[in-house]
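Going in written order, the chains are labelled A, B, C, D, E, F and G, and every chain counts its residues from 1.
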Amino acid sequence: MLKPLGDRIVIEVVETEEKTASGIVLPDTAKEKPQEGRVVAVGAGRVLDNGQRVAPEVEVGDRIIFSKYAGTEVKYDGKEYLILRESDILAVIR
Amino acid sequence: MLKPLGDRIVIEVVETEEKTASGIVLPDTAKEKPQEGRVVAVGAGRVLDNGQRVAPEVEVGDRIIFSKYAGTEVKYDGKEYLILRESDILAVIR
Amino acid sequence: MLKPLGDRIVIEVVETEEKTASGIVLPDTAKEKPQEGRVVAVGAGRVLDNGQRVAPEVEVGDRIIFSKYAGTEVKYDGKEYLILRESDILAVIR
Amino acid sequence: MLKPLGDRIVIEVVETEEKTASGIVLPDTAKEKPQEGRVVAVGAGRVLDNGQRVAPEVEVGDRIIFSKYAGTEVKYDGKEYLILRESDILAVIR
Amino acid sequence: MLKPLGDRIVIEVVETEEKTASGIVLPDTAKEKPQEGRVVAVGAGRVLDNGQRVAPEVEVGDRIIFSKYAGTEVKYDGKEYLILRESDILAVIR
Amino acid sequence: MLKPLGDRIVIEVVETEEKTASGIVLPDTAKEKPQEGRVVAVGAGRVLDNGQRVAPEVEVGDRIIFSKYAGTEVKYDGKEYLILRESDILAVIR
Amino acid sequence: MLKPLGDRIVIEVVETEEKTASGIVLPDTAKEKPQEGRVVAVGAGRVLDNGQRVAPEVEVGDRIIFSKYAGTEVKYDGKEYLILRESDILAVIR
């Protein structure tokens, strides 16, 4: 299991289905970089200057929208993940 | 529903009607980038170094003026939104 | 009404009369960018790291000198305003 | 009267007499940018993160040395002033 | 023994076995820069502005994923190590 | 007298004697920029975010080593001085 | 004696013996910039925003590894030293 540190969050990128107007599924290079993901693991949160930790606002399983190009891609156990800082997450889809 | 994180705010951009002096409605590319929006969702606010959260000054439904080029465009449920930080919002129209 | 957020201030730019030595009023492009304004609306002030808000030092009606090129021009209700941060205001004229 | 905000200070630049070795007074363009001034007005001071204001170390009438190229030139009531931040003042001459 | 200072962590890089689809082991230059390591020594942690030290979240022996290109390579006692800041460690593998 | 503000320190640069191997004294342009000085005046110290002033670690008369190219040269009363921030002083020679 | 200020540390660089595989000692320009040193003097430590000084983690005599290219070279009493910030020291060798 991947346990992110501090304010880091591990996500799986969610491929959003993308078709042209005429219904043709686009090959990978013709699509925009995806912005959606599902939270896989959550760090303990960042430490404030008063010593307090701020628990992240997201939970495992949350579907999120994140900043394009944010984070670091890692491969673990044959699968690809993205490790973001919580501040790279824009919103949760509920 | 989109639930923004921290000090982020989700808005819908409000297209401001724009005519030339002679009353001709300008096509999209001839208009300035819009600066007005309506608040759709509000984050819980940023966390200060003393651990306190600062509730944003805007509420859902507020009509706002924001900094040009600020924020990230996202598409959700077929509609386009802009996710801003509260500090990108200049003023509320009341 | 425009209600600025945080430490932002809405001003009207004050055109300062400008004549050459021989008394000729200069056309607009020959003048320096104006630096004077009158305060139209005042935000609640910025929030310090201890959670306290700092009330701005200016009030509605104050005549001020501001940093050239600071702020964002906005048009509201047919009039032009400038939205500044309080720190862009150099001095009040009293 | 000009009342500077926060940690800002209004000064009059003091022209320091400058002659060449042979006693010729130099015309303006041949002189170095002046670094001396006299304090005309003092702001209330900057606000610390604990909410406390720090009173500036200079007083009206003080003769000071400031960083070259610092500050903003303003014209008020026919006279030229320089508005500096207190941190641009290097030393007081006593 | 190497005792890292502050929030620094000493790790050994873990070479991840890399074969092409046809089972050929790639020579070193054809491989990606490794991202996995094992923690060898842990600093006392960084000091917050309230004087408190934050103990690092990793322990000696932990297997970690770190940011590519982070840290400083050092040679000690004939072996190569990487000294990272804790914030360069993305996740622990548990 | 020059009274520096905040964490500023006034020093006189100490010219260190410099000869080539053959004993020839080098003219000014062939020498390295000097790094030694003697403290002439000391500011009250910088103000921390808790409102406390930190008294500088140097005293008038101290011989110091400072960062090359740091500070601002000022001429006062016919003599040349350098006004540094305390953080530009590397060490005291005792 | 050199007494460093704040969080500064004075070290002597330790030349690490460097031979090629065939046992030839390399001339100076063919060697990497050294990374090892011995602590000669230690500052009182940096001051936190709460007014507390943080005593450095190193002591006189410690053998250390530091960031390449960090610090300022100074010559004192015919010997060469390097003055670093404590944060440029990666680890102590114990």
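Heads up, the rule we're going with is that a residue touches a chain if its C-beta (ideal position, glycine included) is under 8 Å from a C-beta of that chain, and two chains touch if they have at least 3 such contacts.
Model, not experiment: these values are computed from the prediction.
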Report, in degrees rounded to the nearest 5, the angle of the rotation taking chain A onto chain G when the C-alpha atoms are fitted. 105
Between chain A and chain D, what is the separation of their C-alpha centroids in Å? 52
Computed distance of Cα centres, chain E from chain A, in Å: 23
Which whole number of Å gives the spacing of the CA centres of chain B and chain D? 41
Where in chain G do residues touch two or more other chains at once? 49-50
Examine which chains touch each other and state the graph shape they make (line, ring, star, complete, other). ring
Ring path (origin chain B; first step to chain C): B, C, D, F, G, E, A
Quick check: in the complex, which residue numbers of chain C touch chain B? 1-6, 8, 10, 41, 44, 47, 49-51, 72, 74, 76, 83
Chain E - residues contacting chain A, complex: 35, 48-50, 52, 54, 57-58, 65, 67-68, 86-87, 89-94
